[in-house]
Amino acid sequence: MTVRIGVIGTGMIGRDHTRRIAQVLAGAEITALSDYSTDAARKVQQDLVPAARVHDSGEDLIAAADVDAVLVCSTGATHEPYVLAAIAAGKPCFCEKPLATTAEGALRIVQAEVAHGSRLVQVGFMRRYDAGYRMLKRVVDNDIGTPLMVHAAHRNPTVPDSYGTPMAIHDTLIHEIDVLRWLLDDDYVSAQVVFPRRSSHAHAGLRDPQVVLLETAKGVRIDVEVFVNCRYGYDIQCQIVGEEGLANLPEPMTITLRKQAHLQNEILMDWKDRFIDSYDVELADFIKAAAQGTAAGPSSWDGYVAAITSDACVQAQDSGQIVPITLPDRPALYR
Amino acid sequence: MTVRIGVIGTGMIGRDHTRRIAQVLAGAEITALSDYSTDAARKVQQDLVPAARVHDSGEDLIAAADVDAVLVCSTGATHEPYVLAAIAAGKPCFCEKPLATTAEGALRIVQAEVAHGSRLVQVGFMRRYDAGYRMLKRVVDNDIGTPLMVHAAHRNPTVPDSYGTPMAIHDTLIHEIDVLRWLLDDDYVSAQVVFPRRSSHAHAGLRDPQVVLLETAKGVRIDVEVFVNCRYGYDIQCQIVGEEGLANLPEPMTITLRKQAHLQNEILMDWKDRFIDSYDVELADFIKAAAQGTAAGPSSWDGYVAAITSDACVQAQDSGQIVPITLPDRPALYR
Amino acid sequence: MTVRIGVIGTGMIGRDHTRRIAQVLAGAEITALSDYSTDAARKVQQDLVPAARVHDSGEDLIAAADVDAVLVCSTGATHEPYVLAAIAAGKPCFCEKPLATTAEGALRIVQAEVAHGSRLVQVGFMRRYDAGYRMLKRVVDNDIGTPLMVHAAHRNPTVPDSYGTPMAIHDTLIHEIDVLRWLLDDDYVSAQVVFPRRSSHAHAGLRDPQVVLLETAKGVRIDVEVFVNCRYGYDIQCQIVGEEGLANLPEPMTITLRKQAHLQNEILMDWKDRFIDSYDVELADFIKAAAQGTAAGPSSWDGYVAAITSDACVQAQDSGQIVPITLPDRPALYR
Amino acid sequence: MTVRIGVIGTGMIGRDHTRRIAQVLAGAEITALSDYSTDAARKVQQDLVPAARVHDSGEDLIAAADVDAVLVCSTGATHEPYVLAAIAAGKPCFCEKPLATTAEGALRIVQAEVAHGSRLVQVGFMRRYDAGYRMLKRVVDNDIGTPLMVHAAHRNPTVPDSYGTPMAIHDTLIHEIDVLRWLLDDDYVSAQVVFPRRSSHAHAGLRDPQVVLLETAKGVRIDVEVFVNCRYGYDIQCQIVGEEGLANLPEPMTITLRKQAHLQNEILMDWKDRFIDSYDVELADFIKAAAQGTAAGPSSWDGYVAAITSDACVQAQDSGQIVPITLPDRPALYR
């Protein structure tokens, strides 16, 4: 069976997912597109999927008979209503992060999905599909004993002036928040943020770098350096320290070059290159589950926990205090 | 357009390519299968592609109206007739290595394709599609100046008793023969083989390891260690030394683990894992070209040159001498 | 001129320094030994320096006419009186860590040396003489821009039952406390300690691992993992993050071995091997300065600051709070 | 006992050894100096060892009553007579490479030492004292099983115009010739040299790079790339392939720096920095043996074998043929 997919939002990521499903992955086809700019949707249709229909609204697209499953790639504020509409229609739905712009919104989605009674939503936390993180997960589960600490870093060479201090949490740390929970099979109980000396390369109004300290229910202590003006590259580091040993996320594969008095490996400068392969894998997983009328991978619950945890981190940025993180009981659907 | 593909030979690699086209890659479907054991073909059909038809012979399959392109995955001795039949039918044809079991056979395929007037054949030299070799190619072309030397190694942990000394060339070195020509954009002019002290782990009758010395038309000197009882892993090394610097093929991505007094990275033991991703990429390339009625990637000419070079290396094994390698003019089709 | 040295305390480290000066280093000779066990001192004399005299007390040794300079290698509680006696005698004095068992004691030494008017004391913080830290210092000073953060780790495979939670500061972290100040040319203003889930390999009563968070006057944020039951090795890590780049302390030099499906490097298990070369270098530095009647390298002030900082860290272990660190003005002698 | 040493030849290396013995190492003092330029010897005396006597000739120095042992650091052509004179005087003698400028000359020294009846000569093959090679020796002896192959490289960034093709053997490869025999505990039976495409950075008249192929009595096959215009650094590589695994000489210890889109380690440009520590260790070994009236480390026999092997390699450069290497029986003194 070929899954017929509609894409809501045909900006950079929506266009790229359209190409991915049309040209790279087996098992699905793009039958519908929509965008708040219908012209933009039409452009993507002409370029990539001439047989697809362009809808006037995401709601129409979700309702269309030739749409089995939905990709929500529109701007963050519209995620919640589109995902709720997809759930209401009983159609599997892949939603780019964030699941909703507030924890309350994310919780409404969780509740709707629980009411539906089976999983329909996959959140676009693609790192869980990265080959390196998957290797790390296997090693954490098998080789290093009980995890005790995590030392991580998320570094960008630079950010635009529109990037403010809380975005270091909502846009940047959010990936560590999700992937570390998954790696550790654990939840957060507190957050603290400390601010080192500010980099002179940070624009006015941005406190950069930051060190976020998280504590989990099992007692694991996590430190994540978030440094978005590090200049030298887009660099994602993750080290898990266990009772029996210690494992590091692999560096991306590169050529070792000996030249001009240096042994050197290139470091990526563009975040889009770092997890590029994982987009293929996450969508293949979505297609596979959607063919069965359900969803797998990062869930609404994961999206909700990420939202709650992010809010606590932002509060910790503001207060300088250790902020407790409390979660409602996890619904059976997500256990 | 969806390319309709027939697979001849449904053993390990034929079955895997069937799965790949049916379940992983966009743009193609499997419509036909054949095998010298029709039961084997039927098993694959039931498991993976229930809608496909099982043919009594490869010739029937090639002739079938619902077959746009052919994958030849049968035993080596049958490659030549099937590829010639595909060319005669004007259908794009992907042929696992070797293109033919003799240089003369490979040359007949070249001549048939030249007579046809456009490319139809892709040979399964998958290393050209490996992400690491592609990175190396880019660096060789841009960063290290004129190549002068290559130091390479092809190591297997062990081989079965059926593996004899010439197979170190025909089955093992053959990959370096092709991929180094491609990396250097060059051809070989001589071969020499020296035999180090024999490993006590080599079975009786196998001279292992060997060091193959190749010289190219541009004067590059290549040494390739072929060691198929190295015990420790399946390990492919390639270092290109240029006038301005030196580049190494990347190691496969692995977790760095600190445990039990060692900093350690796993080395693959199974050759099937080493280039697994490149099979997807080579077939995606085949599908893309086949949709246009042609072929790209490693050509019949490349298969023929590999055969000529292999023969010279085997002669060098026997004689202990430096064996010259001469090629006919390269037909315009392959320039 | 050959510096005539007396060694107080002929236990493991005293014996080793005696050998070092007698057999390895130019420019000095051992003329006197003492130990609270005179028999022990006599044993070292017979084994290594038959021409040396064994004194009944450290005070006698310090006063001896044929002693130009003193090494204090006795138990920690005796360091303060011996160092004060050496200062009173106007003789250069190398004192193993700690300079004194209390910050007050260290301050008395500082005051005595200031009263003397020139440097006489070198404290045995040998890491400043390690080739790796020296490389790191050069890079921090030249290549990475203003330092903003430090991520460090101090791991031991195991500790004896006598090792209690505060020893993680006084015996273990003390080295990072000194060497990071030196690397950064900075002082500490606060300390915080968080305790991850306890390793099940820690003996009862020891909270292990710990993460110590330090803040400097210039705003650098430091996290040091102290984990003394890490099992896998004695492993010292130090990463300095600057505005322009990031530098890591080198791993100790080892053979890369490919064997049994692993690419592997040995990790040291014994701390005594890790900085072994730096003992030669620190004592060569002591001999060189002593020949001029003075001292260089880590000073009494450095010993005092280490004591003050250690006390704050232990207080932070107990309270779970952020503990401020305040220092008196640095005397001109140490600027 | 303090060994009283005379240094013949006070050029760069002689001056440096004088400093080493006077200022760094225990157990010896410089009592005598000579140079064909007495002024040059006097300058070193004034700068470093004011108490030493300057002799008019090396012969006088060797004969002096206050000289227990001799360092021959003069130009190559004078090594043989000075070493023979030292043997005649029964004084331990450290001789910088080459032991003699001809194999015959080296053999005369061997014969004189054999006639003397005990070892007196150490040749300055310092790599045997390098920490990295010593680690490699331990691993070769214990961890990788029977050695089968060696892949090595000796690269210099550039050479002066006076450096001709045979110097690639006599001045450059000579170190590999000695150290590989020592690592493998083996002797050479044949040599072959192949010339890759010439680097455009090689000056007219120099064939660079070269690949030297050596075969040992035990059947080990060795390839050494000698490339003295490699531009990027002074880089010494050595990989030993054994039946059970494979070991690499460590890279020199360096800082790993992340900066400007690169993960980078410095490569040394100056050969003098590469083995600098090993000079201390080789002379400490000489002093220790000389105190017993004998010599250890690389022997006259090793110097002679290096000369014989070098001659064969130069012949192989000229002829393009495989040149056999035959040695007389090894005298009992050197077994």
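All chains are identified by letter, namely A, B, C and D, in their written order; residue positions are counted from 1 within each chain.
We adopt the following convention: contacts are C-beta pairs under 8 Å (C-beta built on N, C-alpha and C of every residue); 3 or more make two chains touch, one makes a residue touch a chain.
Fair warning: this is a prediction, and the values are worked out from it, not measured in the lab.
Novice: Going by the touch criterion stated earlier, list every chain that contacts subunit C and also contacts subunit D.
Specialist: Correct list: A, B.
Novice: If you average the Cα atoms per chain, which one ends up farthest from subunit A?
Specialist: Greatest centre separation from subunit A goes to chain D.
Novice: Take the average of all CA coordinates in subunit A, do the same for subunit B, and state the distance between these two points in whole angstrom.
Specialist: 38
Novice: With chain centres taken as the means of their Cα atoms, state the distance from subunit A to subunit C in Å.
Specialist: That gives a centre separation of 45 Å.
Novice: Starting from the mean Cα coordinates of subunit A and subunit D, work out the distance between those two points in Å.
Specialist: 59
Novice: Indicate the residues of subunit B shared as contacts by at least two other chains.
Specialist: As it turns out, subunit B has residues touching two or more other chains at 231-232, 244-246, 251, 254, 258-260.
Novice: Tell me, which parts of subunit D touch subunit A in their complex?
Specialist: Interface residues on subunit D, with respect to subunit A: 157, 231-233, 235, 251, 254, 258-269.
Novice: Residue numbers of subunit C touching subunit D in their complex, please.
Specialist: Subunit C reaches subunit D through residues 21-27, 131-132, 135-136, 139, 143-144, 244-260, 284.
Novice: Over in the complex, which subunit D residues touch subunit B? Could you list them?
Specialist: My answer: residues 146-149, 151, 153, 194-201, 209, 211, 213, 215, 218-221, 223, 225, 227, 230-232, 241, 243-246.
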